[in-house]
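Structures for review follow.
Next come two complexes, and both contain chain A; in the first it sits with chain B, in the second with chain C.
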Partner chain A sequence: MSQYAPIPKARPGKVDRVPMPEQDPIERGRNFLEVPFGYSPEMAQVEASRCLECKDPTCIKGCPVGIDIRGFVVKIREGDFQGAVDIIKHDNALPAVCGRVCPQETQCEEVCVVGRKHTPVAIGRLERFAADWERDQGVVAIPKLAHSTGRRVAVVGSGPAGLTVAGELALRGHSVTIFEALHKPGGVLMYGIPEFRLPKDIVEAEVDYVRKLGVEIIYNAVIGKMITVQELLEEEGFHAVFLGLGAGLPYFMNIPGENLNGVYSANEYLTRVNLMKAYDFPRADTPVRPGQKVAVFGGGNVAMDAARTALRMGAAEVSVIYRRSMEEMPARREEIHHAEEEGINMRLLCNPVNILGDEQGNVTGVTCLRMELGEPDASGRRRPVPVEGSEFVVESDTVVVAIGNGANPLLTEATPELKLNKWGNIVADDATGRTSMPGVYAGGDIVIGAATVILAMGAGKQAALAMHEELMAKEIN
Partner chain B sequence: MNTILRKTILAPGVKDFLVDAPRIARKRKAGQFIMLRVRQEGERIPLTIADADPEAGWIRLIFQEVGRSTVELGRLEEGDSILDLAGPLGRPTHIEERGTVVCVGGGIGTAPVHPIAKANKEMGNRVISIIGARSADLLIMEEEMAKASDRLLVCTDDGSKGIKGFVTQVLQQLMDEGEPIKEVVAIGPVVMMRAVSEVTRASGIPTVVSLNATMVDGTGMCGGCRVTVDGRSRFVCVDGPEFNGHAVDFGELLQRQRAYTEQERQAMAQDHVCHIGRDQ
Partner chain C sequence: MQFTSAEEALNYAIKREIEAARFYTQLAARMRKREMQEALLEMAEEEKSHRDRLIAVRDQGIFTAGEPQVQDLRVADFVVMPEITDDLDYAQALILAMKREAAARELYLELARVSRDEALSQVFTRLAEEEGLHKRRFEAEYEDRVLEGN
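And then the complex of A and B:
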């Protein structure tokens, strides 16, 4: 039981959204510590008291995994934090992650009833609070597992999709083994999203929870190369396979100069810094070039992460170069706001056309063209058109290309049975994750293209349910 | 897992490990490599699988100590384990019946060329191998290459063993003698692979080189290993490591290999002994 006394519901609109304390922008631009500090129990209770506790809570429909939001928010207001955690974990095995990185403003919070007239309830912050509170207690409750079913499942990839499938199936009594190509778990949570947005010990703790459910994780296991999917089913004794491979293929712009020294894909740049700890070089062995003037191409979350990382690696000047305007920027508002606060220069309506270098092959600058917004294109966004003769050079010694990721063909090439779409994504049923290969399911970025953590988890959850049904219907010996 | 079963020193700074890795041993084909990490804060580095025994479950790694990671690896002893080992990665060498194939190994490049010579011989091709090094003490795997080849030519820059001269001169001689060469496979320092490709270019003999780009993941996820081949950007770890030597932009590869010269110097200067006593 928690020692916090319940507080009453606030009158609608009478209490403003409780701000979350965060590090000073100038100071945090030089360290890798998490930017927001999180709510105290008192702040969380006050924020929770703003919830109307609706009879028909629309917020739940905005959450891809359908967390009983009203239920857990009420528990927080009542001071029963463990109760809140239990409710959240019923539908979401990684709440400390989602509370931090979900685009809440376009999901649960967008449809919160309070949001019609006032600022919506800070659902993400409350979720994060509950998860952090539990971790701070030191004991993370492990739910009771079902009796062993004797069924064995192989999960390929330990990103949010794979971890969710593994957790859900372990809870139902199946024996689950995750095969991960890298030496660490978590997928993008570990190698992509930076420490200052998602501390790695939180990812480790969430993975640990899945491990405590009895899931085994085998690292350095590149499926398609070391073992094929077919062999998992036919020789290794697995009754089903889930593919949560992510969108691990970096796109480049295919402009001159892209192979100069100092040009990185965002994947490479962030992997060097996050997974390989280049910020700790030379104590850690993997280096990254210490850019002073860094140009980042793109306008999504990945671009913001790369830009803010470059700043923390010691850059004096960081520009984000994006060909459309602020309105079209796909990154979360909060990320753009944080980046601007830290002094990152947004060069909007600019398109890089050429990367310049010196005789040694080092980057020296980027030639850009100014753009204007023209007619709307197929995506409904106004198409940027270049302004004739508007070339100018952005001096840079490091360039990070963050224009998107596609499907990595490593596994699918070795698995001709899998049906792919024209972009190389695995074709899987929306509701069940079933692929064209019997016993094989897929979900997350490898199916829908680079998306979000919570969508990957949602897909994982649905696939787990379908897999459970199929597994239980299967005769095994 | 990943236990070092046998450690041999082949030449100054060149070590030869047999490593227990049954899954990789079973799957690997000539031309493929592994990624490894020696310690928690270590780098991921690629090494070619120089040989393997699928029954006994070992793979063989032969490496030259050139920087921090390879020096640290070389410090491991029999019975020690390699922290992380992932593979087999990359596309296998394309081996088919062709007739005469020349395998050229320069320096440490002899190690990766060896399995290719062996596989060609098993295919029934006539294998002529040329191996070279700066001097006799740096020559490796002479006996094994002799076994894997129908004819072995040895050369050293200083003439301390075999023919005095570069592998390219020996190859040129073979061509001049009128050997009906159907393919040349050359592995070694970039400048050597470039020179070999120049020698064969005019006569149009298909020439395969194995590119040693700097890698991070080795699975096609970062693009750090990209090279330009035929004017197109390719990832060495998944599209290679072998490419048509006549189409590779070697100048760019050399430039990209120098990307971290300054950091490599720093890393070597602060040898890993000084971590002891620090938190980690």
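And then the complex of A and C:
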């Protein structure tokens, strides 16, 4: 039912993109509350009115899970917000998350027709609006589940890949148990992405939805250590297993000084702050040292999150040290923009080569080299090369290495039947997630390497469809 | 080391490539992880193809450039050599490989510098360039993955 009166389509280019209200940069640098407040219904309708409602909507092709973007944007313009939510949820079970963290500028919004001449329709903000609106109503519809099939599925990992598989299979009548190594669900959504970018109650609500579909979640359950994949299949009575283990092993730079006190991986740093509420000091016992001068290595979302977290933990000066130029930075544009507004110092074309320490083994600084982008090589990439004699020191008492993550070998080492590539990622079929081990599927970061939430969910959905087919073809007793 | 002809220099370089292939093959046999055994055997195969290229150069007497000269990324200069255990990961294997190529390059540059025979010096310079290309190939793979977010 329509909640608001429809508004007419705007004349092309006549209405500017509606800005999203957000916390003042100085103010928010000292708290962990979410930065943008989201659109009001009126703002959302005006933004939606900018959509041309194209006959051949290019935006949909830019979405990794093919949401009917035009469809839901029109519903918002018409004031039918529940209609918008229903359309989104048809293809995306975590819209409140994706509306906040998807790199829209390189996906749907990059190919939006309005964007050819003006700023593209703010598709991500509208997705977020619809999802938040539904949650604010206090009633999230639980769809009708299929009859029980009698099949049992174990899902290892409760990140976006695992949650998606669990939800899809529960809807189809299978009995699903998630095994999660940590004491909280959500994977990176919970322990990686900080509160000010993705409030944890939103993640909780999404997990709750999956639970309401009948999925059981067992915490502190490290598969491979406590119990193996073989045992799940052969002794615990599961008919299939999905592995959504993520990319939890941080890469280091392998430069001198990385073992000094005060050097953290972004994983460790963010996990401690997020899961152990280090930010709630002194009410929570802070397990990371706050740091006054913090240097963060890297230019992706992980680096922006670590830098902005350090600021909120009370650092006086935070530098992001990145080897390439702004153009190559892999972080979402909005995060870079927010980080700059908050006063994070972007040291671009700058490569850390040595971490310096004092006699007690504490970090005192980082030796860096200036870089320039070299000639394009055979692959067409301009790789950074050091400028001769350009060494300088960035004074720091804390270093956070946020350059990337690889596959955690804990489960795979205990499962020799699984074929891995040389980086330790599980080899799985692109379309189905099938691995080399019968009855075992995998998807998300553990297969493709550290990527995005939506790609992990897309892989989960594909795997769920293939698993459903295999499960239904299986005789059970 | 004393060299009197280009052939001698190339024979030496060929021997080094054979030794490198043997090094990776033996290292592969020590690895605990199957995928690392495979990755190191691939590296051994690469060394064998370098060997074959040098044999062809020696037998045909022509040392043409493999690829246009490229800029030195200098990734190898700043990473720490990993301790060699039976539990190497692929990033460590790449560091090991780039460091070995860097050392070979340095050696040939030095030999080029001390050679009094102009022709011989040129052979060493070309050998150094070859090693530079091999080094870059490992550095680029390391950069694309381990330094992706940096």
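Quick notes on this structure:
Heads up, the rule we're going with is that the second predicted complex is superposed on the first by the 468 of 477 C-alpha atoms of A that agree within 3 Å, B and C clash if a C-alpha of one lies under 4 Å from a C-alpha of the other, contacts with A are read in each partner's own complex, and residues count from 1 in each chain.
In this section, a contact is a pair of C-beta atoms (placed from the backbone, for glycine too) under 8 Å apart; a residue touches a chain by one contact, two chains touch by 3 or more.
Source: prediction; values computed, not measured.
Of the two partner chains, neither chain B nor chain C is touched by A:Gly343.
Judged by the touch definition given at the top, the superposed model places A:Pro12 against neither chain B nor chain C. Shared-chain residue A:Pro438: touches no atom of chain B or chain C. In the superposition on chain A, A:Gly404 contacts chain C only, with no contact to chain B. Contacts of A:Asn254 after superposition on the shared chain: both chain B and chain C are touched. In the superposition on chain A, A:Gly150 makes contact with neither chain B nor chain C. Of the residues of chain A, those at positions 254, 409 touch chain B in one of the two structures and chain C in the other. Contact residues of chain A toward chain B in the complex are 181-183, 219-222, 225-227, 248-250, 252, 254, 258-262, 264-265, 267-268, 271-272, 276-277, 280-287, 289, 360-361, 408-410.
Chain C makes touch with chain A in their complex at residues 33-36, 38-39, 42, 67, 70-74, 78-80, 82, 89-92, 95, 140, 143, 145-150. By the touch criterion given at the top, residues 23-24, 27, 35, 37, 41-44, 68-69, 83-89, 216-217, 219-224, 226-228, 233, 238, 252, 255-256, 258-260, 263-264, 266-267, 270, 275, 278, 280 of chain B touch chain A in their complex. Only residues 251, 253-256, 297-300, 302-303, 322-323, 330, 351, 353-354, 374-375, 377-379, 383-386, 402-404, 406, 409, 413, 416, 420-424, 449-450 of chain A touch chain C when the two sit together in their complex.
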